[in-house]
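Each structure below appears as structure tokens.
Each of the next two complexes has subunit A plus one other chain: subunit B in the first, subunit C in the second.
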Partner chain A sequence: MAYPEELYYTKDHEWLRVEGDEGTIGITEFASDALGDVVYVELPDVGEKFQQGKPFGSVESVKSVNELFIPISGEIVAINSELVDAPELVNNAPYGQGWMIRVKIGSKTEIDALLTSSEYEDFVAEQSE
Partner chain B sequence: MIRKATTHVNQNEGLIFERSQPGRIGYCIPSLDVDEVPIESLLDGALLRDDLPGLPEVSEVDVVRHFTRISTWNFAVDYGMYPLGSCTMKYNPKLNERVSRFEGFAASHPYLPDALAQGNLEVLATLEKCLAEITGLPGVSLQPAAGAQGEMTGLMVIRKRLEARGDARRRVLIPDSAHGTNPASAAICGYEVQTLKSNSQGGIDLDNLRTVVDDGAAALMLTNPSTLGMFEENIEEVCRILHAAGGFVYMDGANMNALVGVTRPGDMGVDVLHLNLHKTFSTPHGGGGPGAGPVAVSEELTPYLPYPRIVAESDPSGRTKWKLDYNLPDSIGRVRAYHGNYSVLVRALCYIYALGPEGLREATETAVLNANYIAHHLKSDYEIAFDGKAMHEVIFSDKRQSKFGVHTLDIGKRLIDYGFHPMTIYFPLVVPGAMMIEPTESEGREELDQFIYAMKAIAREAEENPELVKRAPHSTRIGRLDEAAAARKPVLRWKPVRTAAKG
Partner chain C sequence: MSTEPLLTTALNKVHRRLGARMVDFGGWDMPVQYSGPIDEHKAVRTAAGIFDVSHMGEIEIRGPQALELIQFLTSNDAAKLVDGQAQYSALTTAEGGFVDDILVHRFAADHYFLCVNASNTPKDFAWISSHSAPYDAEAANVSADYTQLAVQGPKAISIMQPLVDVDLGAIKYYWFTRGHVDGVPAIIARTGYTGEDGVEIYFEPSESERVYDRILEAGAPLGLKPCGLAARNTLRLEAKMALYGNDIDETTTVYEADLAWIVKLGKGEFLGRDALARQKEEGIRRKLVGFEMIDRGIAREHYSVWIDGVQVGSVTSGSPAPFLGKNIGLTYLPIEKTAVGTRFEVDLRGRRAAAEVVPTPFYKRVR
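Up next, the complex of A and B:
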């Protein structure tokens, strides 16, 4: 199970990669494993704005439909349209080609509320107990 | 040892469309005894269609064999145990079917004047009375045609009441273990949904509830017993907290099979409840429906129920006369045409009368006993989600089997090889790898023992021969389906191969 060092995490199993004023967001390998084969990803439109922790879309697998919660407030600047035809990217490369949205970050101080890689790894270990 | 299914004739059956042979028919029409007139001479060409639908051209025996064969591939509660948790797949007594087919029920037209439909109206009024007695809530509407429509109706009633009070509220609170229909109904009804996290025992965290309930909370929707199969022991306190803040408590009656005849939601303080007659009251379920989702409400909310309502009047000779009352200014209006799914309502009343009060209570007790019997015998083999608190259903997880690479889906599929319908899998979501088993009161001890034997055998196989379980089922016409491909690239319907050019 991978927990890339440079990412921030939520307890709802989303990750955030910060690059300048923008952030890329997806779900963790743990989440994609737990979901099983992803069959559909519902994403917002570019230009929509979300507050930290609010649902921005949903991910459907053969097991269930789950909401996606945004790790940080911001405006959507890009969505990964490849997921429409290839939702399996979420399973195959959750931290790479399976990314979901890119946002213009509203406030970087919100990052303080997120988990670091090692904190998230501990959280997952606790959950699996 | 695994035996492949036979290569019996019914092992491969195409679609009825694929059986089509040009010109094949199943009837004979006598030859014309008048002159044939070309249709073009009678109708404007623009009115004639040249793209006739591609209906299959088959004979009667083709049709009968096709549908008889595919009917044998189905799994039904008439065929074997159907332990689908949360669904209450109890047996549907044949008496219900017989009574619902009585001519007076089956052939009555819903537009019959009240005077000619006294018996039909009495059936509805009697069922309302029975359901009011069972739920402890005096106002009942039989109109909603399914559980989710009952939820919607109940929430609309709450909203109308709040509006009448000049107190429109924004939020509905829903525990994270709820059925997905609860948040969907609240959202469609215009409310914002606030999710409540369950406590470690799977119940409502009272301290957390006290902090989130304020004068913006219209209602709390909860299922009791919860979808975790546990009775919410703090239900009275939960109701007090909501009522103190001016909100209402909506109870999803999905799990009423654990309560009927033993305790009543109305007595606990619940304001609105819907019942799934197709679960708790033995009317057909699943593909055999349709459903029925009557809603029962407190006295305060009764004026807001859908109209028309059935009322009793006395004629001059003192006899009861039933009539439909449309003059209900506070009502939310109709939610369904006519009187709900009438023949389903007849079946439910038939079930209630056939069992009587003691019988209904015994059915509930047996349902709970059966689930606990399974819980007791399987907890040595499977991880039980919440020990010692099962009501009418029990939840295990695949935690122990996962170590051998065998997951919940595999265990469900393998159960088919042992002649059982799989249990509910991966629900509720708050239990990872959930396997939810609800035997209902329909099963006798021998059937339960066979089920337990099968589950124990699968647990052993998962350890000793995991591949056997992971490739299951082995005894069916078609093996493991690629569910991911089916969902990602669905083929939704058969399409004709276009060969002949159209005229």
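Up next, the complex of A and C:
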């Protein structure tokens, strides 16, 4: 199981990659494994704004629907439209081609509320016990 | 949630060894998936899959009036069965609803074997027993005496043939025989719940692990995969086979479920006959239909269904259809809205998405 060090994480199993004023967001490998085959991803429109921790979309496997919660407040500047025809990218490359949204970050101080890679790894270990 | 310990099949250890994800399914600790529901689903459509369905119940009915008892409690005509033949049927309520949907196998004129839904087994057994007094026949819940495996898919017969001592090619669809699977005495039935050819085998549980592993070993080179309940559900949905508790229950009649072919009003008196005869005469007001999503999104059970701004029902089964590559489902619609091509909307957690009534089954194998 991979926990890339440069990312920030939520207890809802989303990740955030910060690059300048923008953040890219997806779900973790742990989450995509737990979901199984992802068959559908519902994403917001570019321009929509979300407050940290609010639902911004959903990811569905054959068996289940799971809400997605945004790790940081911001405005959507891009969505991964490849997921429309290839939702399996979420399973195949959760930290890469399976990314979901890119936001213009509202406040970087919100990052303090997120987990680091090692904190998230510990959290997952606890969950799995 | 109940705090009772989960029931397990004789193959529980095997599922864990194979890396299955286990879930509580109606009180049973069952494998929901191994390699993944899409992979497993496609394996069954293109090669074969093996399912442990030992949670299913088995009820035997014996006695000189076994047939009379079954005829009174079911809507199909069990008198048409001969030894070695099986029949899909309904245990009906007085109102023509489903106590359960079942398979009736005739062993002999005075000996029948019912395969019933896992979670309904105690209810069915109590129901049958409570009606058996007037008949010289007795019901026995023999569920614990059997492991049930389903081997399904276009290659199922060729995988199983070398392992059995009967000619599987001579068993027609919905017939069965007694024989041996890898030396173990078994009931071998050409039945299934996937829309594919295949067999369901019933045998004594002590040999379960060996038999299962033997089939897996023999079938793997031909593409056979262990399959869980998730694939079983999507397979049966593509084939439009009803799921008890979702698509049918005590409040839905056999006619409403679009299963008129298992109602034989002419066979004589049976429980629910009057209600069904009346419904046939007056016409049903709603019917179970298959639909396909037109807009993006997956309809799932309990999602509300709307026509012209009015809620007309809810989805009873809904899922992606892995082989067809569509999102499909079943729902009861007002009878005047059931024609193929009728559009309606499904509420996908706040977003209304268009769906359309389509011909069923969604998937039909090429014979």
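The definition used in the following text is that the second predicted complex is superposed on the first by the 129 of 129 C-alpha atoms of A that agree within 3 Å, B and C clash if a C-alpha of one lies under 4 Å from a C-alpha of the other, contacts with A are read in each partner's own complex, and residues count from 1 in each chain.
In the analysis below, a residue touches a chain if its C-beta (ideal position, glycine included) is under 8 Å from a C-beta of that chain, and two chains touch if they have at least 3 such contacts.
Fair warning: this is a prediction, and the values are worked out from it, not measured in the lab.
With both structures placed on the common chain, the touch criterion links A:66 to subunit B but leaves subunit C unconnected.
Look at A:40: by the touch rule set out above, it reaches both subunit B and subunit C. With both structures placed on the common chain, the touch criterion links A:54 to neither subunit B nor subunit C. Touching of subunit A by both subunit B and subunit C, each in its own complex, is seen for residues 36-37, 39-40, 60, 62-63, 65.
For subunit B in complex with subunit A, the touching residues are 180, 409, 425-427, 429, 432, 483-484, 487-488.
Within the complex formed with subunit C, the subunit A residues making contact are 36-37, 39-40, 42, 58, 60-63, 65, 84.
Considering their complex, residues 21, 32-33, 36-39, 230, 234, 296-298, 300, 319-320, 322, 327, 349 of subunit C touch subunit A.
Of all residues in subunit A, only 34, 36-37, 39-40, 60, 62-66, 87-88 touch subunit B in the complex they form.
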